[in-house]
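Below, chain A partners chain B and then partners chain C, in two separate complexes.
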Partner chain A sequence: MSIVVRTIASSIFPMALIFSFYVIMHGHLTPGGGFQGGAIAASAVVMLLAAHGYKRMESKLSMDGLSFVESTGAIIFVVVGLAGLIAGVSFMYNLLVGSPIFGYVPHGANGGYLNSGGILPILNLAVGLKVIAGLSSVVLAMILFTEGEE
Partner chain B sequence: MNIMLHMPALLIVLPLLAAFVTPLIDKLSRKARNAFVIAIVVIEEIMMLFFAFHIFSGNIAIYTMGSSEPTKLVTEAAVPIRIVLEVDAMSAFMGIISATVAMAAAIYSISFVEESKGKGKFYTLLLIMLAGMIGMEFTGDLFNMFVFLEILSISSCALIAYRNSDGNAVEGAFKYMVVSNIAALLVLFSIALLYSQYDLLNIAALSKVISYTELDKVALVLLVTSFAMKAGSVPMHYWVPDGYSPAPASITAMLVSATQASLYALFRVSFTLYGKVITASYIGVFLIILGLLSMFIGVTMALSQKDIKRLMAYHSVSQTGYMLLGVGIGLYLLNTSDFNTYGIKAMEGGIFHIINNAMYKGLLFLTAGAIFYRLKTRNLNEMGGLAHSMKYTTLFFIIGALAIAGIPPFNGFASKLLIYEAAYRVSPILSIVAMIVSILTLASFVKVFHSAFMGAKIYEVEEAPKSMLIGMAILAAVIIILSIFPGLVVDKIVAPAAHALANWQVYAGGV
Partner chain C sequence: MSWEVRKMIDMFGLILILLSIFTIIPAIMAVVMKDLLSCTIALAIMSLILSLYFYLLQAPDVAIAEAGVGACLTTALFIVAIRATERYEGGENED
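Right after this comes the complex of A and B.
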């Protein structure tokens, strides 16, 4: 597309990523979460693809890399669940409550503490990774398919 | 750490974790990936057997996700709010079937499935499918059941379309997707109907308070319809032949046990969830009619097929009919005095038939796959004389075909006999139809045997590769064990499962 579109798409891209990261990390406090944030990041990727075209993006986006990130997200999710089981309590047990990482338990009305929620922010992050990679590779697969038809 | 305590969660988590590790190992080496997948399915099977025998000795396992004491529910809350897994004898019984078939299918796939089309992803989907099946069978929560139903449907749908250069595969997958989405939405809708009235999702807790209002009846109808649809019973059977025939043979074997997971959900809903209130026998009659139609229409459609896997797919519709008939008779007689004399026997027959069908139908699909692997055709008219070169495949086919036709001493005979006897007490017509269907089944497998294996040697082919033979041998061995000890199997495994279904109070008392 034209240089105007490309420049604007490139400069909006980091902002979209920051917004997506915000939605993912505030998943346990505000509406949204891993899936929604991941979808925002994936739409940023789609925006770049639409603006620059697949040819120029080819070197930066590989199917292998995406599938690696996708698997990693899912593995983090399951491993976090298993950690509770290995600790001898139960699957998906919230191990981090009371610990310095996301372990703060606020009492009474509050505006939301980022440093709370236990394993939930980590699970959101894992889902976020999986959705970013999953949705991007869906779009990428569609592009690869339509290329062959012409 | 008491491993038996965590078993319900571990059995679901293990294939799920393995599913996502597989594509990573696939990048390193293909051999390592194959070894990893096989190790996982074998471990899963061993764990499942240990756990199942723990359950069959009279325990019910409860597992509350994320709780500080997984065997207990949250005590402060009046209702169970967390995700609860509940495994009774029926769930464990179904779990054994899923794990065994998945083990055979995974080993079989090593040489059967082409490397060229992303086999790492194939195994990922296969393991997710296994996790979905076991999840559906182990869950004690209606909404969770819906989630696992979706997991199962999506992964099966992708696997049916695995050979995506074949238009038929994509068409079959699309039909399956439409049917399973409609079914899943109906399930979700009926869960909403129940949740809006009782504020509960836990099956055991719901079964204690359910009062059979008009809305409950609507929910029951929707649940029974959608699960029967997913189980592939007539009149919603059309996706079965289209979906089964183009899928890779190992996936077809998995799909057979996937439809049985839906059948399990159907039985769980009608016996346990509505166990307290189901006094009117309409649903039982409905299941019997569905069973008769599936049996008869399935087998008559099968007789005229030329495609070997399509023929077998129609037979699976007809075998589903037997299970529906057997368990339907049980439901029809539930809460009557006849139930304890022959109603429970019919249920035992129907439930025994579930494991029998999963094994011999799986085996037959795998032999069909072996033929396809060598000849690259599924058309019976183009086959012939294979017994000369594919000796083991022929042997496995004979075992499977005799078992499905109910020839004594094979296991199909034992379960069918239980169904015939009980059905005769209800109405002689039922068992006459069942016997005719059995004869027609034999007829059509004689046809397959004759056209594929008998006659002069036409093709210079070799025996199927080793991994495929091992996959088939596992299922054949299970069939032989079930055939030699039918009495023992019925007493130790099938009867506890049938009683677990029949007594909803036991399941409800677990929570």
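Right after this comes the complex of A and C.
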């Protein structure tokens, strides 16, 4: 597209990524979570693809990299789930309660302490990675499959 | 029920009815129009107003998902699909 669209898309892209990271990391406190933040980040990637065209983005966005990110998210989710089983309690047991990482337990309703929730922020992050890679690769695969037939 | 509370509920119902109408109009346009690109934009507008509707009905989670997936990603998918096929519906069948 034109230089105006390309410049604005490039400058909005980091803001959209930061907002999606905010939605993912506040998943256990406010509305949102892994899927919603991942959808926002994937729409930012799609906006960059639409503005610059696939030819310029080809070097930065490959199918192998996206599938690597998606598999990383799935592996983190399964490992966090199995850690509770290995510790001898149950699948998906909240091991991190009381520890310095995400382990703070506030009295009463949670008034917005980000450092709480146990394994939930980690699971949200894993789901977010998986959704970013999945939804981006859906659009990328559609572009790749329909490339020859204009 | 006091008069103030009743007036607030009536106001809320009026907003919901207006939003329903604004949601249905782009949906009908997407069915009727022959230009598929315009249909895609109409669907995006419908999805955006629907996300506002979800937010007013106390479902902000669904509203964020609807705004992200419905208004952006499906629009991009439809536009890519239209680019690969043809833009106008029911035209001459050359192939």
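As a convention for this text, the second predicted complex is superposed on the first by the 148 of 150 C-alpha atoms of A that agree within 3 Å, B and C clash if a C-alpha of one lies under 4 Å from a C-alpha of the other, contacts with A are read in each partner's own complex, and residues count from 1 in each chain.
Just so we're on the same page, contacts are C-beta pairs under 8 Å (C-beta built on N, C-alpha and C of every residue); 3 or more make two chains touch, one makes a residue touch a chain.
Please read these numbers as outputs of a predicted model, since none were measured by experiment.
Trainee: Do chain B and chain C fit side by side on chain A in the superposed arrangement, or is it a clash?
Mentor: In the superposition, chain B and chain C stay clear of each other.
Trainee: Touch check for A:Leu95: first (chain B), second (chain C), both, or neither?
Mentor: neither
Trainee: Answer with first, second, both or neither: which of chain B and chain C does A:Ala83 touch in the superposed model?
Mentor: neither
Trainee: What is the contact status of A:Thr146 with respect to chain B (first) and chain C (second): first, second, both, or neither?
Mentor: The second partner, chain C, only.
Trainee: Mind checking the angle chain B, chain A, chain C on Cα centres after superposing, to the nearest 10 degrees?
Mentor: 80
Trainee: First (chain B), second (chain C), both or neither: which does A:Leu17 touch?
Mentor: A:Leu17 contacts neither chain B nor chain C.
Trainee: For A:Phe68, is the partner it touches chain B (first), chain C (second), both, or none of the two (neither)?
Mentor: first
Trainee: Taking the superposed arrangement, what is the smallest distance in Å from a C-alpha atom of chain B to one of chain C?
Mentor: 17
Trainee: Help me check something: in the complex, which residues belonging to chain A touch chain C?
Mentor: 23, 31-33, 35-36, 39-40, 42-43, 46-47, 49-50, 135, 138-139, 142-143, 146, 149-150
Trainee: Quick check on the complex: what are the chain B residues that touch chain A?
Mentor: Residue list for chain B touching chain A: 1, 6, 9-10, 13, 16-17, 19-21, 23-24, 27, 63-70.
Trainee: Provide the residue numbers of chain A that touch chain B in the complex, in ascending order.
Mentor: The contact residues of chain A facing chain B are 64, 67-68, 71-72, 74-75, 78-79, 81-82, 84-86, 88-94.
Trainee: Given the complex with chain A, which residues does chain C contribute to the contact?
Mentor: My answer: residues 60-61, 63-65, 68-69, 72-73, 76-77, 79-81, 83-84.
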